[in-house]
Amino acid sequence: LSKKRTIQPQDFDIQFGRFSKGPKNCLTDVTGVKVGHTTLNSGKGPLKVGHGPVRTGVTAILPREDIWQNKVAAGSYVMNGNGEASGLMWIQESGLIETPIALTNTLCVANVQNGIIKWMLEKNPNLGITDDSFSPVVMECDDSTLNDLQGQHVSAEHTLLALKNASTDEFLQGAVGAGTGMISYQLKGGIGSSSRIVSINNENYTIAVLLNSNHGHRHTLQIAGRPVGSQLKTPLPERYKDGSIVVVVATDAPVDSRQLSRIAKRAMLGVARTGGISYHSSGDLAIAFTTANAIPHRPDEKSALLNHKILSDFYLDNLFEAASDACEEALIKSLLNAETVIGRDDMAAYALPHEELLKILSRKN
Amino acid sequence: LSKKRTIQPQDFDIQFGRFSKGPKNCLTDVTGVKVGHTTLNSGKGPLKVGHGPVRTGVTAILPREDIWQNKVAAGSYVMNGNGEASGLMWIQESGLIETPIALTNTLCVANVQNGIIKWMLEKNPNLGITDDSFSPVVMECDDSTLNDLQGQHVSAEHTLLALKNASTDEFLQGAVGAGTGMISYQLKGGIGSSSRIVSINNENYTIAVLLNSNHGHRHTLQIAGRPVGSQLKTPLPERYKDGSIVVVVATDAPVDSRQLSRIAKRAMLGVARTGGISYHSSGDLAIAFTTANAIPHRPDEKSALLNHKILSDFYLDNLFEAASDACEEALIKSLLNAETVIGRDDMAAYALPHEELLKILSRKN
Amino acid sequence: LSKKRTIQPQDFDIQFGRFSKGPKNCLTDVTGVKVGHTTLNSGKGPLKVGHGPVRTGVTAILPREDIWQNKVAAGSYVMNGNGEASGLMWIQESGLIETPIALTNTLCVANVQNGIIKWMLEKNPNLGITDDSFSPVVMECDDSTLNDLQGQHVSAEHTLLALKNASTDEFLQGAVGAGTGMISYQLKGGIGSSSRIVSINNENYTIAVLLNSNHGHRHTLQIAGRPVGSQLKTPLPERYKDGSIVVVVATDAPVDSRQLSRIAKRAMLGVARTGGISYHSSGDLAIAFTTANAIPHRPDEKSALLNHKILSDFYLDNLFEAASDACEEALIKSLLNAETVIGRDDMAAYALPHEELLKILSRKN
Amino acid sequence: LSKKRTIQPQDFDIQFGRFSKGPKNCLTDVTGVKVGHTTLNSGKGPLKVGHGPVRTGVTAILPREDIWQNKVAAGSYVMNGNGEASGLMWIQESGLIETPIALTNTLCVANVQNGIIKWMLEKNPNLGITDDSFSPVVMECDDSTLNDLQGQHVSAEHTLLALKNASTDEFLQGAVGAGTGMISYQLKGGIGSSSRIVSINNENYTIAVLLNSNHGHRHTLQIAGRPVGSQLKTPLPERYKDGSIVVVVATDAPVDSRQLSRIAKRAMLGVARTGGISYHSSGDLAIAFTTANAIPHRPDEKSALLNHKILSDFYLDNLFEAASDACEEALIKSLLNAETVIGRDDMAAYALPHEELLKILSRKN
């Protein structure tokens, strides 16, 4: 899938925090987690509603193949609830996720839900017949500055395709999948991902972030603490809309839903360190899941009890810190890996220029 | 629309609380609020997935015609978050509703969202182009015990139809619209509605409830305090699935979003008085809105300030009590007005038998 | 301690729900849980601020003796947050309780906290030196209608006494301890308690409630579904203040903090079935804890992992239903067991008259 | 009160954000808001429990003198709920604050509550007699690393003193009042404050922060984006305990409780920009209030309606950004203004060394 080398922060001699990274430095460093994109990028020139230009897509995350039968413990944190996150109410109540997770644009949430429904029914033909019903988990950002949003170009089939292409490999970042039409800090944004390995009481755990960046004003952007936003000369996009930043945290650490909600909160601290203010019109939220402690759809008939090993709260701090570091890095990687995109009405969202960034980082301040 | 006379509690000489009712004793007693159903009821015999039998529908609630330009203040309360309530995160953050509200079945939430999207784009063609994007408000209950749920029979067009047929008249209750396939307390449930007039400091305000009842075990059912469920001889449906109860509260009292969330909580107390336990697998939630204090989409250029009159918290108690009474009554009306429905595989959900109810109510206990 | 026989619902031929009761039908049916009261009842006649009359007290609940070293998993639910519940923020974050719990009046929360602090420091002399600091859990109701509230008559020593007298025996109910000066449904209220045994997958678990009732208007009172409040001839107290109802749920079922918060919510449904509206000025909340799955203050050095058995959510329903039944019964027991109290300025809060209740219950309705 | 010149960020040629500061650059720039400290600093050498050394105090914030009669709208945000914040439940329910606010140490919360109770009863002698009861707002941080915490040295009288000394002047920052014994980023922390002026639709509003910093590990400390913590040579304190950071935001902008909770959330983003991770054992929370739109204790008899002007949500962004900037600056000012304190057992918490900081800030990175 990934033909292009991912740009990494170390290419700019910057780092985020003190923990080491996973081998792929992305969400699929958590064993078993799969990611797939469908990217829709076609047409150019003036907006013709329903006909493009199309700059959008869907990114699917599969915590495990048998997600309905073996659910993952999950938590969430809503920093600013502008937008839609389908399935969120059930995550909050049940502390678990039992469907794939998908990211897309605001007006395609419904189509993408229908794609996940198809996937779920193919795998579990008794759902809503002899078995329970379910609600897909879909998060969105508004890409209407570049994309023909009203056209609702992401279909159920595009979603199925992303799910079927999902793999445990490294995946493309930047202006791909759900990130195709995103703008972050008034630069081209999109998908970014990073991972950390933390050692807790002599055990190593992986914690990783995948996000879709579509938020922020240029002037607050900081990279590794440097006030890059106020120094960049890159033109602002001609149109401005507040956007969102949606974050998925995955880990293999044995934590429960309460702890995962706390971890999701810390991811957002990494966003804050890049200058995120969580403006009124931005939908800024994180969900977090763990592949440890699978939750059976129906417990074994012999017992109503789940045998779980749960990390003591006293050992969470490294996971908290690593979640914020990985999220900060994922956000900067979304900018570093996105290329300039010309969208509807020929409007450009410019990529963060690498050479200019190097110069700013080398300044005394 | 409503050709059939609505069965009322007073037909059974029972009443709920001390407040008087509005003239229609339903949600449309709140001036300007419109309700419309699309009922899908076709086929019989064994389930043929995708082909029926179909026992489902959609019920649309329009707080005001110009809901995008003049939003309604809103609140919510999740008693048990099993299921999906799209748009909820934004209600919680913004304290407002800016789209129609629709009720439907679990796997048609996406289609119904697309119906509301069509309605919104027809009325506001610049959404997602020069204007903001948006997320529809859709709540669901699982009607798969009676209905071919996997068939996803409620379409965007059915939703548009319900919205276009919505009126300020009295509307049908029981097994209609989203209530067509619902089962409550193992009796036929569905749509129920009731209203109250409360006097506060010499001003009259209306508060009303519309709900879709699809929850509960027979043995806990109480009607006007009487243990009806344990005394009824009506057969239980052959299949049992826990369901949900979703509630919409409307008022014209000048309250804000914080107060509306408190009112939504009190509606659920009325559910409790009918014996609702909010079992694990039930999605029990309420949203509440007021038609007072419209919130302009963009405030007047001359001022960033909204001039709102807000009821002092010290005057809320009557609204709290009336919300719980109206909700209790709406739930019982959903049972009283639903007729027996034979669903997929010829399974019956029997209506609450009126004569037997009269007998039980006349017993000493 | 308990010299007086507790009045039970079966004395009136009423029952709440379908589960059997524990042997003592109170909170101490949960093995290891201790309860103790200090009752302050002195003086009569007009209020002399600081000098009485005194109608107040403190009720202490000790989930386990070694509560700091072996904490209990805990959850909470705030139905209406009028009033103070110290320690609540930490329960919500950590999902545990690590100090005794005490109930008292509104202006003695601080003194009672100091009593718990003394108890904690006696048992754990390194707290706040080499060990962590802590925050006591204290819930309050306003007894100022009967009591010299400004006098702050409950001291740290009274709290220590209640903790030291706490036992696993049956304890007095009604106008005792923190319940001494309480008024509920404009009748004499106070401490009530009840328990249930539930069978889950062939295992028996106990779930029990202790509450302090100090809330409600007479006209909404229902007992076993009957509209007792509107039929009673007992005079209303001359003064009226909205009060509160604070609830403690204990269980030995192996549930986690998320599940305990859900259980706490269901307890409040039992309050609703007695006619509770949760008026604006009422502080209505529940905390719930389990004695299963003790949480070590510091985990064993050999492992950062807690080995917990957790009940699958699919098996919670009986606990939900039993929590609501026990809470409904506890509330009615608080009324049945309270005797008329004459408070400051010779104002009477009359007990629920047993004979009149029997007559009302025997009516056809 | 303030004899010492406050150290300001501009002394180090650093700034936080783009907004201008108020004339005093502290909380009392919001008209009418008063702040007062009582500082307790006595004894030295080894800990003698109950006898010192004493390094603690109380800081009182008075939103307005007539706070009971004219309450302030308020919101809150709990980033990590380790610790106690009395009165929080009522802020969350009612959306207002009606008592003074005080900051102190963990085991003196009760004494400080009693101090506020005395103040309230002096001003409003009918509380808990003919008028309602109330719950004071007290937030705490654990100063036991430097202070004899078990000694509970802050009394009700110390609190009354702080309230009586409270003024609208500039106030001391650093190791004063509740900040006397605080340690932040393993440097001497304590009280810090900053303010911003924001222009919204041609109106100027003030928003200001006062905080007590007692949290964090050295290695994550950033100042104006620079990794100061990892470069400082200042010795770490010999003992380490995780602490807390409690934040009070005041504004005169006409916002409501929902909006104030959103503002409180943004303040915490400023903490994140200094490197705050919100570790497990840290109590990190903010409350926010506005002096606009006073809420009468009892509304005028002629009307149950409050006439409020409320800022449209579309105009909140500058307040969000300014709250985060002021909080970041307040935190750094707490470090810049604190002097080295030698506490119990002769342990030192070293001040941030100004000269070394200047050198680090002048490095290329």
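Letters A, B, C and D mark the chains as written, and numbering starts fresh at 1 in each.
Here, contacts are C-beta pairs under 8 Å (C-beta built on N, C-alpha and C of every residue); 3 or more make two chains touch, one makes a residue touch a chain.
Bear in mind the structure is a predicted one, so any value in this text is a computation, not a measurement.
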item: Equivalent of A-B within the choices C-D, B-C or B-D, defined by over half of its residue contact pairs recurring; value: C-D
item: Inter-centroid spacing, chain D versus chain A (mean Cα positions, whole Å); value: 34
item: Where chain A and chain C are represented by their mean Cα positions, the distance between them in whole Å; value: 44
item: Sites on chain C at which at least two other chains make contact; value: 80, 93-94, 262, 281, 313-314
item: Contact graph of the chains (line, ring, star, complete, other); value: complete
item: Chain C-touching residues of chain B, taken from the complex the two chains share; value: 17-18, 79-80, 219-220, 222, 224-227, 262, 265-266, 268-269, 272-273, 275-281, 313-314, 316-317, 320-321, 324, 361-365
item: Footprint of chain C on chain D - complex, ascending; value: 47, 49, 78, 80-90, 92-94, 106-107, 109-111, 113-114, 117, 121, 127-129, 132-135, 140, 142, 144, 149-150, 152, 241, 281, 283, 285
item: Complex interface listing, chain D residues touching chain B; value: 93-95, 200-201, 203, 254, 256-258, 262, 295-296, 298-299, 303-315
